[in-house]
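The letters A, B, C, D and E name the chains in turn, as written, and every chain counts its residues from 1.
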Amino acid sequence: MSHVHLLAWILFAPLAAAVFNGLLALRSARVTVPVEGHHLRPIDRAVAGIGVAGPLVATLAAWTLAIDFLGRDRSLRLTELDLGTWFTMGQAHVSWLFRVDALSLVMVLIVTTVGTLIHLYSVGYMAGDQGFPRFFTWLNLFTFAMLVLVTARDLVVLFLGWEGVGVCSYLLIGYWFSDAAKAAAGLKAFVVNRIGDLGLLLGMFLLYWSMVPSGQASLDIDLLSAHVTKLSVPLATLAAVLLFIGAMGKSAQVPLHIWLPDAMAGPTPVSALIHAATMVTAGVYMVARMHPLYHHAPAALAFIGSLGALTALVAATVACTQTNIKRVIAWSTVSQLGYMFMGLGAGAFSVGIYHLFTHAFFKALFFLSAGAVIHALNGEEEVGRMGGLWSKLRITGPAFVIAAAANAGIPPLSGFVSKDAILVAAWHAHQPWWLAVGLLTAGMTAFYSFRLVALVLAGPARDKHLVEHAHEAGWTMTVPLLLLACGAVAAGALEWPHELGGTLWFSAWLEPVFYPSLAHGVHANPVVDLILTAGSVAVVATGAAVGWSLHARPGAPTGSPWTPLAGVWQAMRRGWFVDEALERALVRPVVFSSRAAAPFLDFLLGWMAKGVVGGLSMAGRGLAVAQSGLARHYAMAMLAGLVVLVAWAVLSGGR
Amino acid sequence: MNLQLATYLPLAPLALLVLGALLALLLVPTVRQGDPDRTMAWHAAMVNISALVLSVTLWVRPVIGMEPVGTTGAFRASYLGGALVVDSLSLLLMALASAGALLVLPGLVAAAERGSFAHGELQALLVFAVAGTAIVGCAGDMFTGFLGLEVVALSIYGLVGLDRSRPNANEAVLKYMLLGAFASAILLLGMAFLFGATGSLSLASLQAASAHLPPARHAVLMLGLAAVVAGLAFKVAAAPFHMWSADVYEGSVTPLTGFMATVVKVTAFVFAMRVLLSGLAGVAVDWQPMVSALAAVSMVVGNLMAMNQRNPKRMLAFSSVVHTGYMLVGLAAAAGNPAGEAVKALVVYLVAYLVTNLAGFACLDVLDRNGSLDGAMHRHPWVSAAFLVSVLSLVGFPLTAGFLGKYMVFSAAFGAGLGWLAILAIASSMLSLSYYLPLLFRVLAGTSSGTVLSLRPANAEHVAIAVSSGLVVVIGAGILAVAGWMVPGAHWVAQWAQQSGAVLLP
Amino acid sequence: MLDAILLVVLSAVAVVGALAMVTRRHPLGSALALIVVMIAIAGLYALLAAPLVAILQILVYGGAILALIVFVIMLLNVRHEDLAHEDGLGGRLGMGLTVAGLLFMGLAAGIHAIPADPFAPPPPGFGGIVAVGRALFRDYAVPFEVVSLLLTVAVVSAVGMAKRRLD
Amino acid sequence: MGETLTLPVWMLILPFVAAAVAALLPARAARLAAGAAMLGELGLGAAMVRSFRDQAELQSVATWPMLGLFGTNLRLGVDGLSLFLLVAGAALGLLAVVVAGAGRPASFHAWLLLFVGTMAGVLLVQDLLVFYVFWELMLLPALVLLLLWGDSDRRKATVPFVVVTLVGSLAMLAVIFAMGAEAHARTGAWNFDLDALAGVVTTWGPDARCWAFAGLILAFAVKIPLFPLHFWLPAAYTSAPLPAVILLSGLMAKLGTYGVLRIAMPLFPEQAVAWSPWLAALAVVGILHGAVLALGARDVRTVLAYSSFSHLGWIALGIFSLTAEGIEGALLQQVGHALVTAALFILAAWASERQGSTQLSRFGGMAATHPWLAAALVFSAMASAGLPGLNGFVGEFLILLGAWGLSPWAALFGGLGVVLGAAYLLWLLQRMLYGPVVEPAPSGRDIGVRELAVALPLLAMMLLFGIRPGLLLDRMKPWSDAYVLRFHPAASQAALPTGTH
Amino acid sequence: MALHAPLLVAAALFSIGVGGFVARRNVFALLMCIELMLNSVNLVFVTFSRQWLALEGHVTVLLVVALAAAEAAVALAIVIMLFRHRETLDVDVFASMKE
């Protein structure tokens, strides 16, 4: 099977699954068969089969392609699928052109592999839900859109995938739409993302028009890459920042991160797939994809890195204080995304992507195991009612611990390797502050990860009744957990640091895409790297120990561990009030103008229009006084007219 | 001898109307058997139909004695040393007047029967009025024309006054008569001064004299001009000489209002055209600003007054003041170039205005007497539809006669360098929407209240409404007169109009 | 010289009579004043070489029309309270005559602009019955006929309005 | 002299004849006749699309001699600008007849047909005077449909609509008079052919041309409507009967932008260039103002009305950007929005029917009770919000891209409309479809086969034109490429050689 | 003797007639004012006839006199009709239609 065909299978197997499931969903929406317990109806079985088969086919195709690529020369690791023109703009074309190169393939592998596992997991997790077919429709459609995003060769097609995943995210967050708050969370996610999308659009416009004078305007990424080096630096910086604004929305960077915690309203597999492993990393991918532009705009890179650092820190502080199991992980995701951007900002694109890669595994695992916990507790999400689950959940428990440890960066798990690489990259990029923030964040990450482990698994049960009935889920849920746990443990091997005796296979793989020699090429001083690694391990260990010890004992509080901190703790808990601030600064003015100012303006306009007529009508009423009904008044008017005419005649008569 | 008699054939419509009127007088006392009113109505109808047919026939096929004028196909026959002139314009006026009389006759007779004031005089006076119109059209002398106007005026006084038992009619006739006499005196004063300036009131001599006027006599001519314009302004109801019209229109029975608003006004306009465009062509520079000013004032005042009217008849009265303003725009644009586009435009406008208002008042009569206008669409869909057509024509909506007229007059004004007046006219059209549209809305969407009488209109009234509103569309559709398969009504009207303009110069 | 004196006297009488006419409250008084004006105007006609018109002025106007008006006033047997309440007549007259004065000033200004050539002597028989009659029935036959039509219309209208109900 | 009976002429004649026939038939038969006529119109439109060559100039030209009263020859034809608007008119006409339902009298269908016919006239004729005739005539069916079959607020709604529209068109009339008089003065004959007038007005001074351009823009801006002339819109759209709304917002509004493109800008290119930033600014204000109003509206029809206003702002923005990209986008969006707005109004009407109210506060949880209707609504709303892959996106993208070419600020502030658009549409869905099922629960069945037969073609086309906009765009592009050169005479030499066509 | 004097007299009479017409309320007074105006017009005609030595003015005067008679006839008929209904000669009473 040729590469092109493989690519077609990768793209369209999920789409086909989505279409089939969509038809089934429409049918089942009308012909409702009642659901009994956590069982699958016949239609759900069909849906599950199709829904898992689609991504599975894509996964197999992707791995086939990957294995094939491995056997090829670096320069030949590329395949394209051309489906003709989408539309023309001015003199340029936008083509349905899909391309897989080393970078895209990494993303495709993540999306398909992790995606398939999460699909499988969902079969168990969503069993018994009335909207099962609908769920799988959106999930498949999401997979398709995400694959379009990562394989698109044209920025506009990328944008199609970008918005496509956004709309699927919207639909899945609001999946339980009968709860208005959940539907509203979806709305918020979509609208906040749209703000970012506007930046992305504007960036595209700028690039397009900057190319127009050359007569070669296009939004083809390859053409753009060749073109951007000719841009003036300020222009390139502006374009880079505008594109990054899009990434900020999608990848939840401060201050556009506010939608992500709310997005936890969706079912947990959704959080795992979309809001941890794949969609939220689209921004990272996009920046990496546009790396020639960012290389050309160092100021933009510095901005990205700084914002990433800020996001990492802020989100980590918030994650420390959350009591909803999913929200902790959600904030953790925001924080890790900040890490990724820090890596990108340091110019170490492959490191950023690598963290994306490992994060996909351990964060998906984190969410899925959390989902299994929630599933076991019949939907309970508050950690305050958990505890003592270690003995009940013999598979989920260890998976949860592995995920937390990887997230915390405990060696030798994958999270440790990628995080360490980012810290090293920050150091080499001469950004000591990033390093400091990164270390601090790493400590806090370890703190909250183990705080969560302690609260959920350790100690006695806080809610005996709830925990008593906890049970392990079926194979469809545990198998993905096991496989993802393997990934979370082993993924670190791909980029095991030199100084610890490893080989940078991952970076090597991406080298044809990114510039041949970058941050990794300048590992001049392994000693410094070793010191950094040791330092980070120490910080992580401290954080993990504190987190565990404070919360593992019976009756440990879920709130502030130390009373004087209570005020700050509260602020952190509320996300530093960013949500409220944005609400006041943006939402309220818009709502005010929509409810009051704009209608009032329209009222004024209508009133003015009426006022003109009204004024004339007043003048008419004034005139009507003369129309008194008295003949002599009429005669008087005539006389006046006559006098004027005669006067006119006399005055103009002597010509 | 035969040949000589034949040369008098063009006078046939005029003679027919005058003799028909006198014959009616003989009939009034004699017909006492059967249904005298009906007999008199038939008589009036027959006279008018004959006059209409004769006029149109003479226009279509000019006979011996009618000399061609210019290259437009216009013609003129003159008698008794120019005292009587039959040309394209007089034939048009006679055709319009007879047609107008015919179209109001069913409604008028019906109204008179309801008010029981039809005793033969009514029908006779209607024929007299048309005869007066014919005299205006055929007069070769300004004073004769004026007398013709007086014949029309006295007939109208009678027609309004016959409805003796209605106080509003009494009031209307009193005001009309007093102010009419007042205006006649002013007009006569003007004619006296014109006589003083030129030594004659014959249109031909006036034309010759005014073309080569010694500067010394200019002052007295200007005096005459001012007074004549004032008197004419009363006759055509131009502001500020218009105030009688609303009260008189309101006080009269609706079909009669229709007659006054159309035939009488058009007659006065034809007289004004004869005097100003033909007789005083030489001093067009002097009267053009006067007419322009009157046009402007009429449009403004008419609109402002019409905006606040609740009674549709009064509203239409003031709206007809506005339309007088548009016609005066055409008159002003025609100054100095009677053979040009502007006169053609003016005449087309007169025709359009005539048919539109005939239809409008006829429909208003039917709708008004069957309850109010509100929601009439649901009760009398066809009559309401005809009413809508005529209101749209008043608005100047495309494919109606009103649009054709407005279009031609306004562009003629642009062409004549009176852009400001054209702009004002268009602004006035915009403003006029503020009262026409509510009328439309009342008919279409109003909620009918009160008892609904079912005073079914007579068949003849239906025919009159159908014919007049049909003419509105037929003439208006001429703008789409594409390739001959569309109705070429507008084309005929325009052709006749152009010829009517051509005969104003020697 | 005599002409000049007569002109002044007749003019003065006409104007004063006219003023008297508009200011008399009772219509009969006004009618009498109007008769005086008409006679004065007849005198002016005579001065202006229009003897036939002068005679007809007295006969038709003074004799017929005014007699008709007076006759109707009598016929209606108007009591005093039926007369118009001409309250504030002075004010209205003041106003009306002021505006009319403006009109007069305009007219006078226009008249003043006419060159003051003295009248040429009239040809013999000018304005006499023969000359006027010939003009009337030969050159102005059409307006004359129209006037006859006009009078007919007037009669029809008047009868139609003023007659009592036959039924 | 050329041909006289080309396809466009048949498209013009058919609705009028059908209207006359329908008026005389009983109600049921009238509806059938109207539907058949519109189907025929659509067939003619399809035939026209088939025979259309992808070129800039006017095609299928028919020439009719006029009687000399008002001009010499009347030309009718289609080009890239009018082609799909005509087809959309036929399609919307069919849709209007179908959704009108069986309860309407024959005259209703006759008026609908007249509406379609007059709009076809506006799109076809190349003579300014006849254009004006159709332009005004178009108002008549709108007025009658509103006044006779609108809801209880119809009178209040109609007054500003008709008055503002007529005032605007009288301004246009003044310009037409002036141009006609100029042509007459120059040649001695009336001539209102657009191409001929373009030559005539070049001799005017700058002031005269400014005023004339302003008059024309005023007439068209009212119809679009361009801020601040929009105040008539919400009331008219909310109180008109559904079939009329489909035609009003689906097609009539686009005739405003059509007029700008066809008449105002080609006649006065310098003014168009000079004024375009200001007009674009008004368009942007309209986009945002409409979106903000839609966000705050409490009635489902009002939301859609303001949404329509906002979207027309996009189209105007694309036009006034005077870039190839923007104008292409505007052309595409004209057709795309016709589709989307019709679908939204229809679906919202069905939803309101089932809910028994149009007040959003009375809605809730409809997605649970009426899933198919909800799915169709979400789909249409996404298309309206410009989701890539559906037909709203490409147009909006091109428009914004063109707007950046005019000024980055136009793109930025116009782009905020993307955000607000998503916000109000989703907020609408949120209130209608989501949340717990309200009391009283929506009644009636979910949409069935009959409704799907109406909705599915619309939804399918949204998807089709989203993925293959070239089906439309390739027909329009030659026209717009040639068109835009009129405004950049200097750039025309530079741009031509690099053209890929 | 020149035409100024009679013309000025005519103008004065006309103005007085006009002034009376706009001021008086009695219907007979109004009719007489009109007669006065017509008389002044006649004077103008006669004066200009004298100037031009043209008889048209004289003929016109005669016809105007007939016209005045016709108008008076109709006017008096109206007055009689109104007096029968309203028993008044005050024109201001007839002002029910206005504005």
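Throughout what follows, a contact is a pair of C-beta atoms (placed from the backbone, for glycine too) under 8 Å apart; a residue touches a chain by one contact, two chains touch by 3 or more.
Just so it is clear, the model here is predicted, and its values are computed rather than measured.
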Note = Per the touch definition, the chains contacting both chain A and chain D are B
Ask   = Which of the two pairs, C-E or A-B, is linked by more C-beta contacts?
value = C-E
Key: Whole-Å separation of chain centres (CA-atom averages), chain C against chain D   = 71
Key: Whole-Å gap between the CA centroids of chain D and chain E   = 65
Computed distance of Cα centres, chain E from chain B, in Å = 27
Message = Need the CA-centroid distance for the pair chain A / chain E, whole Å please.
response = 96
Key: chain B: positions in contact with at least two other chains   = 143, 147, 150, 154, 157-158, 161, 164, 173-175, 178, 182, 186, 193, 196, 219, 222-223, 246-247, 308, 434
Query = What positions in chain C touch 2 or more of the other chains?
reply = 92, 96, 99-100, 103, 106-107, 110-111, 113-114, 139-140, 143, 147, 150, 153-154, 157-159, 161
Remark   = Residue ranges of chain E touching at least 2 other chains are 14, 17-18, 21-25, 27, 31, 47, 51, 56, 63, 67, 70-71, 74, 77-78, 81, 91-92, 94-99
Message = Let me make sure I understand the interfaces: which chain pairs count as touching?
response = A-B, A-C, A-D, A-E, B-C, B-D, B-E, C-E
Key: Contact set on chain B toward chain E in their complex   = 143, 147, 150, 154, 157-158, 161, 164, 167-168, 170-175, 177-178, 181-182, 184-186, 188-189, 192-193, 195-196, 199-201, 246-247, 250-251, 308
Request  = Spell out the part of chain E that touches chain C in their complex, as residue ranges.
outcome  = 1-9, 11-29, 31-33, 35-36, 39, 42-43, 46-47, 49-51, 53, 55-56, 58-59, 61-63, 65-74, 76-81, 83, 87-92
Key: Interface residues, chain B side, partner chain A - complex   = 174-175, 178-179, 182-183, 186, 215, 218-219, 221-223, 225-227, 229-230, 233-234, 240-241, 243-244, 246-247, 286, 289-290, 301, 303-308, 431, 434
Ask   = Contact residues on chain D for chain A in the complex?
value = 160, 163-164, 228, 230-231, 234, 289, 292-296, 323-325, 328, 365, 367-368, 371-372, 375, 378, 382, 387-389, 393-394, 397-398, 400-401, 404-405, 408, 411-412, 415-416, 418-420, 422-423, 426-427, 430, 433-437, 446, 467-470, 473-474, 477, 495, 498-501
Message = Quick check on the complex: what are the chain A residues that touch chain C?
response = 632, 636, 639-640, 642-643, 646-647, 649-650, 653-654
